[in-house]
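One structure coming up, written as structure tokens, with questions to follow.
Each chain gets a letter, A, B, C and D, in the order it is written, and its residues are counted from 1.
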Amino acid sequence: MADLSVNIGKLQLKNPVMTASGTFGYGLEFADFVNLEDIGGIIVKGTTLKPREGNPYPRMAETPQGMLNCVGLQNKGVDYFCGHIYPQIKDIRTNMIVNVSGSCCEDYAECAARINELERIPAIELNISCPNVKQGGMAFGVTAEGASAVVKAVRKAYDKTLIVKLSPNVTNVADIARSVEDAGADAVSLINTLMGMAIDIEKRRPVLSIATGGLSGPAVKPVALRMVWQVAKAVKIPVVGLGGIMNARDAIEFLLAGASAIEIGTANFIDPAVTVKVARGIDEYLERHGCRSVREIIGALGE
Amino acid sequence: MQEFDIPFGIYLFYKMKKYILDLTLTANEHLRAGYALLKLTHEQPLPEMCPGQFAELKVEGSETTFLRRPISINYVDEEKNEVWFLIHEIGDGTRNLGAMEVGDKLNVVMPLGKGFTMPSSGDEKVLLVGGGVGTAPLLFLGKEMVKLGCRPTFLLGGRSAGDLMQLDMFRALGDVYITTEDASEGEKGFVTQHSVLQREHFDRIATCGPKPMMVAVARYARSKGIPCEVSLENMMACGVGACLCCVENTTEGHLCVCKEGPVFNTNRLLWQI
Amino acid sequence: MADLSVNIGKLQLKNPVMTASGTFGYGLEFADFVNLEDIGGIIVKGTTLKPREGNPYPRMAETPQGMLNCVGLQNKGVDYFCGHIYPQIKDIRTNMIVNVSGSCCEDYAECAARINELERIPAIELNISCPNVKQGGMAFGVTAEGASAVVKAVRKAYDKTLIVKLSPNVTNVADIARSVEDAGADAVSLINTLMGMAIDIEKRRPVLSIATGGLSGPAVKPVALRMVWQVAKAVKIPVVGLGGIMNARDAIEFLLAGASAIEIGTANFIDPAVTVKVARGIDEYLERHGCRSVREIIGALGE
Amino acid sequence: MQEFDIPFGIYLFYKMKKYILDLTLTANEHLRAGYALLKLTHEQPLPEMCPGQFAELKVEGSETTFLRRPISINYVDEEKNEVWFLIHEIGDGTRNLGAMEVGDKLNVVMPLGKGFTMPSSGDEKVLLVGGGVGTAPLLFLGKEMVKLGCRPTFLLGGRSAGDLMQLDMFRALGDVYITTEDASEGEKGFVTQHSVLQREHFDRIATCGPKPMMVAVARYARSKGIPCEVSLENMMACGVGACLCCVENTTEGHLCVCKEGPVFNTNRLLWQI
């Protein structure tokens, strides 16, 4: 068995496989299918300062090798998280990471500050890229200035590992990555969903309640991989790669493109045990290629 | 650790463990055009399942089907170690399922969701109302009720006689009343127009079928003050309460049909009943 | 049979189905499979002022429900087109439209001026969005200023119908659409390919010769549809929609989203006769919905 | 109107019309592990095809196969109105093709590309060199040469005896020489080491197989001044010269393998021979 451990800032992962926010609940929903402690990190649902009901139904549409969602950050707010969810997940022996969202810098910072107090949460992932909420969300993620402002605000309030999740719905993702690096992020993760749409031609109206939603799954993998490659070349901080990863082969593509770790989202819906299979598959690949550590293949892309 | 402190009002249904299983098809019966009854088994004893729960089926060989498909548990044959799914072939996913052949493997995640409330005593008079493929979960439900000593009453509706499936099995479990829109079997009309509703009193109603039917049943139940549970459909992605795609508007806010349901007491729903 | 005709500027199409540049050659390659005159318009290969050899091999990678290409505008230049190709295609009784590319405003304008002289070419499609060439190409397509400059230069040199093809690799496609509308475009078409990447994990190098390429096919359809919808709301000129259209249902989604016509690209590789099938399928849909004309469903999206 | 004035140096091969056909599988013979010989027919007479041409096959039921797959025409049986494809199952697409069952439909676009130059007289001594699945087009080529009165010489290579397929059919057409790397059949070594190359003189060589083999054959041909044609592989999208994805570097610049090839005279290639 190869050494699968990687570091993201001060965060130590036993393997580079994490779960993507919004697709793995609080981990507990998958406890029947996988040993949660075999996963490098679990990034839980998007959490906001105040509770949110999310968008009306329908929130989901299937697309060719992908899906659209417009959940819209439904969650019971950070207080509920700290009081009710945290006690249930704090003893899971892997990195439990909270995905934090907001609609203004203050909200983001206050939410992060609250989570900073939770001993067993070693990192947050700042979601500045959600396409499914009217205010804030993606707005921060699409300009270097917006991204920088929110990261600076959170950085003051949060002293553990700060991962910033980038939007793919931009002209130049490397610029935005550099701006959040300068603003103090410990790592970036990408991609969040691509903004898309589906139409019901019989009813002649959008399938989703708010017309548009975020595209995820294998369909977006080529775009995600390109962006991870561009960002890994542009910044010095670690990059976490995601978008359409279905198996170990996909995961290794992201590692080779320069990602220090990866996240698995939509694939959990197709195979609830996919995470541990990917970790095992990476190990097999390393063995086959005579690598002692997964770190040997991170960014190891020839011409 | 795996216990949930009711976040979002979600709770585990009997704390039943969920499995990912590769089942093997033992029979595919085409009950009528466009409907397939799949019978599947496993080398291990099948897990415990409750009526109203469902499974997420992985569709193989369909280029256009990406996500799993939620299908109710139609019946469990403990002796043969079989689980049955009744499939209405309405799109590429269900058509591929309906085309399965004996010996084929089917990957399922199950049992999922929260099923019907079971009667607290054998004396309860229970009415089970189904329409179309919505009759599927009622067969298993009826069977489990019989085990508890109940004799359920089934009220099944269809457009015409040919629409009604598995009638023999229903009849073996309890009284069966039928409505058809063309009067080709039973009374003419919709299920809520059936005379048995005037004649008899029920302590509890469970229903599954097209939404207009379920709304009408719920309205009847409310008018009589009878507790009523409905099994809802919804577009699902994860099936385990993780993605929050499949919400229904309830008195407690948005609840996931896959985890808090698919069976809901109509009191919790914000339907215009 | 419903009335399928639509207008794009001064251009009259017998039906809203066109072929996407780079995927249908000069039309002739498909003459064995479909009656070319049954297609509303044929947009031929990207043409540049000077001949181009394009990128080295490999130029193609298959992806989940899509493909990447980095052909890089291989073509023999506008002189060769005018002298050798035009005589062969000028008598095809449908709209033969030339897709024009360049690396500076002058090249675009000169190329367009040459094509302006060809009697039987009623329109050009200006490709300001090719992700596969180093200079120019996409660079023009990703800023409102760049797009405006090249459209203004071409507008002076070209007086027939000018369709401008937009890049999806931008933060705000509606802004760019508005800027080319203001600069004098008669119509916009979108989307060109999304920039993506694929990696060969055994060889540990990019699959494509220039690392990245343009993603097309069903995978991109949700993104394309969303952008067409956004642009159709933002501009008054007609919108031509494309990206992943495989069948009549897909095409109708684009029409409902606001496209006055559609283009079919990658689908031609899967079914060389798809174009006429889509036209027929649109007709059937209109019949079924009691519509006399396809124009009744353009932009006819309820809430 | 459909005639091409050699744009990009591309010309139509005998101006042959291309078809989209739904063929029916009449046999699927597993010649050895991982290789399937598909025999297909059509209710109409099959179109005229030339050796070296290929077809684009639509793979059904594979979620990961999006594009068609280019496959050489292995053989044409005019009497039975059959076309054969020899499939090496190396990925999802070819594995799905290899799993086809008698009666299944296969959608193909064919015939595509430019095949081998045929000898100008029956007296020409032609050497056909193949390796691995690259022997596939040589069977059809040999057959057509025999029709012209030639007796082709086949030189076929493999790692070991089990790798060689359709030997009986080759032997019925001409002399067959074999090399295997493990000496389990014929001479030991690579095809270019076979003694027949020293003993006999050939007027023309055609080859198909792994690139290193084809390069070695081309080098031999050049050293002897013999005209040599090779059949190239390439990643294809359209298969008809429309997308320009499948280029090979030639003395005339980038040429499409699907339209100007797949067969090229080695003089036109920029290979390091």
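By definition in this document, contacts are C-beta pairs under 8 Å (C-beta built on N, C-alpha and C of every residue); 3 or more make two chains touch, one makes a residue touch a chain.
Just so we're clear, the structure is a prediction, and the values are computed from it rather than from any experiment.
Visitor: Approximately how many whole Å separate the CA-defined centres of chain A and chain B?
Guide: So the centre of chain A lies 35 Å away from the centre of chain B.
Visitor: Between chain A and chain C, what is the separation of their C-alpha centroids in Å?
Guide: 34
Visitor: Provide the C-alpha centroid distance between chain A and chain D, rounded to the nearest whole angstrom.
Guide: Chain centroid spacing, chain A to chain D, equals 48 Å.
Visitor: Among the residues of chain D, pick out those that touch two or more other chains and give their numbers.
Guide: Chain D, residues with two or more chain partners: 63.
Visitor: Residue numbers in chain A touching 2 or more other chains?
Guide: 63-66, 217
Visitor: Quick one: label the inter-chain contact graph as line, ring, star, complete or other.
Guide: ring
Visitor: For this structure, give each pair of chains that are touching.
Guide: A-B, A-C, B-D, C-D
Visitor: For the complex, give me every residue of chain A touching chain B.
Guide: Touch residues, chain A against chain B: 22-26, 28-33, 45, 53-54, 56-67, 69, 71, 74, 76, 80, 84-85, 87-88, 91-92, 217, 266, 268-273.
Visitor: Under the stated contact criterion, what part of chain B meets chain A in this complex?
Guide: 1-5, 7-8, 17-20, 58, 64-68, 109, 234-249, 253-254, 259
Visitor: Could you pull out which chain D residues touch chain B in their complex?
Guide: By the definition above, chain D touches chain B via 61-63.
Visitor: Considering the complex alone, what residue numbers of chain C touch chain A?
Guide: Counting only chain C, the residues touching chain A are 63-66, 68, 142-143, 169-172, 194-199, 201, 203-206, 211-212, 215, 217-223, 225-226, 229, 244, 249, 252-253, 256-257, 285, 297, 300-303.
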